[in-house]
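The following pair of complexes shares a single chain, chain A, combined with chain B in the former and chain C in the latter.
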Partner chain A sequence: MANLVKFTIDGRELEAAPGTLVIDAAKRAGIEIPAFCYYEGLSLQGACRMCMVEVERMPKLQTACTLPVAEGMVVRTDTPQVAQARKGTLEFLLTNHPLDCPVCDKGGECELQDMVFRYGAGESRFTEIKHHVDEKQWSPVVYFDAPRCILCYRCVRVCDEGMGVGALGVVNRGVVAEIAPNHGDHLECDECGMCIDICPVGALTSGAYRYKTRPWEMEHVGTICTHCSNGCRTTLGVRNNQIIRGNNRDSSGINGEFLCIKGRYAFDFYDHPDRLQAPLMKVNGKLEPVSWSQALAAVARKFSDVKARGGNFGVIGSNRTTNEENFYLQKFARQVLGTNNLDHRRSGDIVSLLDALHGQQTALATTADLYQAKAVVVISADLALEHPLLSWQIRANWRHHAAHVYVVTTEPVREDKYSVNAARCAPGQELETLQALRPQLVDEPELIFVFGDTIKGEKVRKLVEFGASLGKPVKYVCLVDYANSRGAMDMGLTPELLPGYRASGMPGLTIAEMLAAEDLDVLWVVGANPLAGASLAARGAFVVVQDLFLTETAQAADVVFPACSAYEKNGTVTNVTGEVQRLKRAVQAMGTKPDLEIIGLLAREMGEAAQLGPWSADKVFAEIRATVPGYNVPLPVILTGGAAQTSPVNGRVEAPARPELIRSARNGLFSSGTLGRYSNVLHSVLEGRRQP
Partner chain B sequence: MFASHPPLFSNPPHPREVIMLSKRFRLPNSASIDTFLAHGGYRSFRKALEMTADEIIAEVKTSNLRGRGGAGFPTGLKMGFVPRNSPKPKYIVVNADESEPGTCKDRLLMEYDPHSLLEGMLIAARAIDAKKGYIYIRGEYRYLIHILDRAIEEAYRHGYLGRNILGTGMDFDAYTHSGAGAYECGEESALLESLEGKRGVPRIKPPFPAQVGAFQCPTMLSNVETFCSIPYIVEMGGKAYADLGVEKAGGTKLTCLTGHLNKPGVYELPLGFPVDQLIHDVGGGIPGGRKLKAFIPGGSSCPVLTAKECEGLTMDYDAMAKRGTMLGSGGVVVMDESTDMVKVALRIMRFYQHESCGWCIPCREGTTWLRKMLQRFDEGLGRRHEIAMIGELAKNMLGRTFCALGDAAALPTISIVEKFYDEFERKLNAVSAPVPAPGPFPVLNDPPPLGVGR
Partner chain C sequence: MLASYPPGRQRSAVVPMLIFAQDEVGSITPELVQEVAKRCGVQPVQVEECVTYYSMLRKKPLGKYHVQICTNISCLLNGGEELWKRACEQTGLGHKQVSADGMVSLEEVECIGACSWAPALQVNYDFEHLVTPERLDEILAACRKGDYVEKAK
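The block that comes next holds the complex of A and B.
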């Protein structure tokens, strides 16, 4: 770039784009300027005064976090004056600070400790009485200990700017100024815990984590949240085979530091007391614990029998199991059981979208695209509740790049607040309403359409036609429900489609048809709960269930295998935008096995293992990469915890889309299907209890 | 219209006064528009309507008018900074938050001559093409809001406010807005935040209000007295106004004399008035013939001067700067030899720690620490090494806070501890004196306040 500004910091000649802040320029050059209130991506405060630097020809010290570089500027961060200023500010900061590091959750990873260690004085001159305020609980997950607060306003900003919630503010002034929640004595908000996470000190602490451990006693495992389809990377803090904390402070992954309440806290279902720990088998009409070998043998015997006599199988897969498990399951169903009666709960019409796009590989938006695109149109979805990360991305795009956001929904949504046009439509009239936005949309240089489950079948085709008619680069996101809803479609967990959306060419039953088929001999359910609110017509069918809990479906089973949760196994999942990411085992749950292993052991028990191949996650993933179109993603990216987008279709989809089967569960922030019922956190928060 | 209102002053002006801003203070019903019009009111505005915007600004520049809110920034320059051709609306904002201890002049202008403020706003509005003006008044001045609202109502009725003013096509609306009792909301950017309905904490500068002010739009924000001075500049011409004062500081200034004086009060004096005469002539001298010990020239934010430093000093911006202090807002505090300077330091710090908005660390924590420490000193519980520490801590605030309140707390403290070090030493083992409750500024030793409020 020609118009770079030249300046020096500590004698080093540097260049940066005009408008770059001195603190950022220094950081890029590897020069640390200490800061509390400055936080990349959030608005500037200039409040903590830690970042003061000397600038030639300016009489006073300047705050590096508010000062843009200028041509010829000479900055020094290494002078005695700067060192003295840092020391003085830290000395002030500690005057009313309780210094209860020995019992503070933050101890060991506290920015204040680190700052004082590096820049502060070794002793305190303050001999007055400290100002004290008692600790407060604002919600089951958010606690506030005011004396530890350094008033950096990060929490206020992340909640307002980042989350779009604005639940935190400041009350009082001067030394008694205090962060306060929106309802005076308690919070009503998203309960995301972003404020806790971003707090540099131990002022905001998490109800789920506080006083449980010292941070250095934990190991940190980076894996993917198992709740919604957004695919946030979450770093689990593990100690003694227990998950103690979820966060993403290292900003790895597609979500940066973002996590919603589910990603941050709702892993807690994994050690719910109702967790199944041994296989169960129906003995005299009652489910009794049995050994793995007994259960496996019984199921294998039954499967072999039914297969031998040409009986009817029905196989229902999951929206949360890994790609490897889904791939292996469909292979098992099709090759070993010889059936196409294979389905899962479908929540978005990705098939119609892929078909309408004719395999235009570049027309599927990534999570990152939502942060970069000049314009985003949200149709038929309450993103802030149903797809928190996508909402976060779009909001950040609006804040940082002034992206134009359009909304077409039946009800008000959070995106309205910063949209250029928030259009309300009657149910079913989304596309008509969208037409009315055309004059504005044609002026956008590029667009992303994000659409929910009411846009399906013909409507998807019409939407894509509409998009194409704008004559601009257009991308799409077809919203789906769970962590691997997209992967389940990609891996061919439907009667009509094989992995990679190739037509199976064979007829097969859908979920509803399986449940209604009176001649069904075996129903095999892997990580799903189809019998919640439904019944099985085939009274005598042998029901096999793999699950974490004794769900409605499991209660009706003949054999139940206790399965691992996403936090207890390896594998990959594909998020809503088609990005493949890797799960990493964080803990082991006594008595359980990963679904992949259960399926593999069944194959072995039936003597069919050879044709299905080994059931290790890595080996199956290698096969997926080799055989499923679009999944030949770069292995190093996946192995190092990155995300790689798949492009599963290169042309038309030669099978019907079945829009009539598509219905989103519309989980809000505080629910997550059957799994969510076993999360104490989701039940504990006020907002969760209020939500139907 | 107005209930009959006696004049502010029944006595004649002091012969050394130059009566201009205060010219209507001695009239009955001075706040009513009838009185105002009968005594030359809105004449300058009519004259300004014949002038171009550039001409008005040029006159203000020539007048050497400097902001009367404390910082003394040249008002003409500030007006010139407002981007007149910006497509955004432009605003006039009057800083009527008058909270600087020792200062009580804006109050008189608003109470006894509210229309002169409106007239100043109108002229400024014409110069920067503003269509709306806000008068931000400190919450404690609630009764003045009443008076101003009535004046605004009268001005609307007489066609000086509203649409198509005096048939010229000019539109201008004026509003009053109440603060809620925060000194910090007198700081211009905090004032704007508060005006917009937010928490009263300052903004990052630059940009300055002239570019990005009220509601993110170009804004001329000045003190009440500054606006009130503009009509006289237009009336007499910038040159004649400048000639009333000294080089680089034109006109007259309402000076608030408080403290140990026989005749405290508000006096209108030309810039450059000698301090010695201020105390001994205008102020009637120090009661009981006591000697001058310390002098605050313009509100509690200024470094304190010793009697010696006041010798040959004149009341203008540059002369004060040369002695290391500031003319400030015109709130003079005279302290005689009976004054306990530790108590003065404590009283000043108690004010700032109470008023610190809490936004930034050095001010929030520094004022609190210093207040606690000074309190201890006052109770005779200071430690010798801490005398120097008081200055050190204040210096750790100075120039490092987010807004000038931190400096305002640090400067007087540094000056007192450096210039009156021995008084701190003497207090080291003094018997604990009762701590006075927060009261009017300053807290004085026995014998109790002579001269104050007389």
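The block that comes next holds the complex of A and C.
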């Protein structure tokens, strides 16, 4: 890097790029400068005065969080004057702050507590009565206790800048200044809890977590959110086999500190009272609980019979189950049952995209790319609601790198606010509208196109042609629903394709065709709900369902197996940008089994286990890495909780894309298919209740 | 007004817009907050921040004549405090209180930049310099009757 600035901190000679803040330079050199209001990635505030340092030839102490390094600058953080300033600042912060850490929800992970312990005075000189205000509840998930607030403005900034919501403000001034929500006495917002997470003290607390436990009493399990395709890493706080909290404690993974309401709170479906805990079997027309061995035997017998007489199977997979489960299911269907009637609900036309991009290695964008690219074009999606992490990344890119954002949608979206051009289009006219942006787009040095489910089939091809015609490096994100839609496609859960987008070359029924086929003998549904709003034509078909709840499909089943949720099993999932990440079991739900194990046990019951291989997640993943094109991702990255992008094909996909089958559920922030129905949090917040 | 700020800095217009609107409406109503937020492209809560921060922006209407009496140092030395007490007695009002008929309101203020002519007070946008107790009585009487002549208007 050219022209590094040289300066010293505490006698150590250091170098940094011009514009680097003293606080960051110190941190990189391992010198801690305490700070409250400074927060990497958010605008500078200079409000708390905790970061004071002495700078030679400057008359007074300076705030290290707003001071850029300069050539020859001599900074000291270890002088008596600095120590005194820190102590004084803390004393002021504590004037009206209650001194009751033992009853505060933040105790044990509070930045103020730590700082006072380290830099503060041993006792208080303050004998006056403290200014007190009662605690307020702003929403089912957000509580505010004004006396604990140290007015660092982190919450205000993360909501405004990070989320693009701007629901919080600071009202009044001086000693009565406090944080206020956007609707006087309550909040109407994304309910993401980012403000709570970022609060250094116990002023903002979470309705889902407060006063339930202490941080050191929990085990912290890093896994992946199961709600949408963005695949945020979340750390589940677990105690006594219960998930008590969701956050991304160590800011690791593709999402850093980000989580939306679903990732942070909507894990609560897992212990909903309606969770299935024993296999069910239809006895005299009614589903009755039975033992695992009875249920497995009954299904295996049926499968073997139908197979022996050459009957018709239909197998429907899930876009929530793991890659291992999807792979194993398709292997079971194709090799054991000998059927190619295999499908899942498709929500984005990745097949057309891969085919159109044949020969281009790096044309699929990652989550990180969305933060780095010079320009991003959002087509036909309300990202802030449907793909919260992608939206967060683009916003951060705009804030930090002044990225150019373009929008082509039928309705106004949050991205409009920071776009250079927000174009409205008539439904179906996206590409025509995009053409109109051409003069601006050709001037961009590089671009990412993010497109929703209305761009499919021929339109994907046209979009890629358009991208290529710009003559610039272009990458794409094909939006899909749910935690593992990409994985379901990649693992070949369609009649047309084998794992890795190799053509199956065999006919097979799609979901709609299975439901309509009058001669279907067995319908096996793993983690999906195709009979919601639809019916099965084959009256006599034997229906087997694996699910968490008694969904519409499960109600119509002959046998129901209670399955584990994503938080109760290991495995891998592939997110919307094709990044593979690892699930880690956080809790165990009584009576349930992972879908992989259920499928494996069925194979064993049928005497076919040998040809399918062991049903441990690690073994199946090893097989996937070895046999599925593009999945030879570096194992250490995955095992250590990282994300590795797959590179599925580098040639034509020799199979039809079936765009007519593609439809996104368009789940917003407060819905999440069948799981969302069982999340009390999603129903409790105002915004969730308002949804149709 | 928005045009007088550089592009992208429209939020700078929040405070002046609030002042002008307050002069017209009498106080900052919730509808006004919404409207200003919309025009300046900020969130209503961000307008609320300004309204509650600045003491010259107010959510309740003041009297038709708002009398602000300075008791800061120069005026204090020249009888400002006495003026303030006298005004309170005369009107029966205290700091930031409004008469029942809505004609007069009082406020004790810090330096209003008229130290050379202390003691000074302000009636709405009008300055009154070198105010004597008698002049104060006249001013208050005129305000109550509604015939105080505002030069600055």
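The rule is simple: the second predicted complex is superposed on the first by the 690 of 692 C-alpha atoms of A that agree within 3 Å, B and C clash if a C-alpha of one lies under 4 Å from a C-alpha of the other, contacts with A are read in each partner's own complex, and residues count from 1 in each chain.
Just so it is clear, contacts are C-beta pairs under 8 Å (C-beta built on N, C-alpha and C of every residue); 3 or more make two chains touch, one makes a residue touch a chain.
Every value quoted in this text rests on a predicted model; they were computed, and no experiment measured them.
Engineer: Using the superposition on chain A, tell me whether chain B and chain C clash or fit.
Structural biologist: Overlaying the two structures gives a clash between chain B and chain C.
Engineer: Between chain B and chain C, whom does A:Asn667 touch in the aligned arrangement: first, second, both, or neither?
Structural biologist: neither
Engineer: One more residue to check, A:Arg173. First (chain B), second (chain C), both or neither?
Structural biologist: both
Engineer: On chain A, which partner touches more residues: chain B or chain C?
Structural biologist: B
Engineer: Based on the superposed arrangement, let me know which partner A:Asp160 touches: chain B (first), chain C (second), both, or neither?
Structural biologist: The answer is second: A:Asp160 touches chain C but not chain B.
Engineer: Tell me which partner A:Ser380 touches in the superposition: chain B (first), chain C (second), both or neither.
Structural biologist: neither
Engineer: Contacts for A:Cys48 in the overlay, against chain B (first) and chain C (second): which applies, first, second, both or neither?
Structural biologist: first
Engineer: Where does A:Leu93 make contact in the superposed view: on chain B (first), on chain C (second), on both, or on neither?
Structural biologist: First partner only.
Engineer: Looking at the overlay, does A:Ser347 come into contact with chain B only (first), chain C only (second), both, or neither?
Structural biologist: After superposition on chain A, A:Ser347 lies in contact with neither partner.
Engineer: Between 259-267, 295-303 or 403-411, work out which stretch of chain B sticks into chain C after superposition.
Structural biologist: Given the superposition on chain A, chain B and chain C clash at 259-267.
Engineer: Would you please give the residues of chain A that touch chain B in one complex and also touch chain C in the other complex?
Structural biologist: 169-170, 172-173
Engineer: Contact residues on chain B for chain A in the complex?
Structural biologist: On the chain B side, the touching residues are 182, 184, 199, 204, 353-362, 364-369, 372-373, 376, 389, 396, 399-402.
Engineer: In the complex formed with chain C, which residues of chain A make contact?
Structural biologist: Chain A reaches chain C through residues 160, 166-173, 180-182.
Engineer: If you look only at chain C, which of its residues touch chain A in the complex?
Structural biologist: 42-46, 48-49, 52-53
Engineer: Of all residues in chain A, which touch chain B in the complex?
Structural biologist: Those residues of chain A that touch chain B are 44-50, 52, 60-61, 66, 85, 88-89, 91-93, 95-96, 125-126, 128-129, 131, 150-151, 169-170, 172-177.
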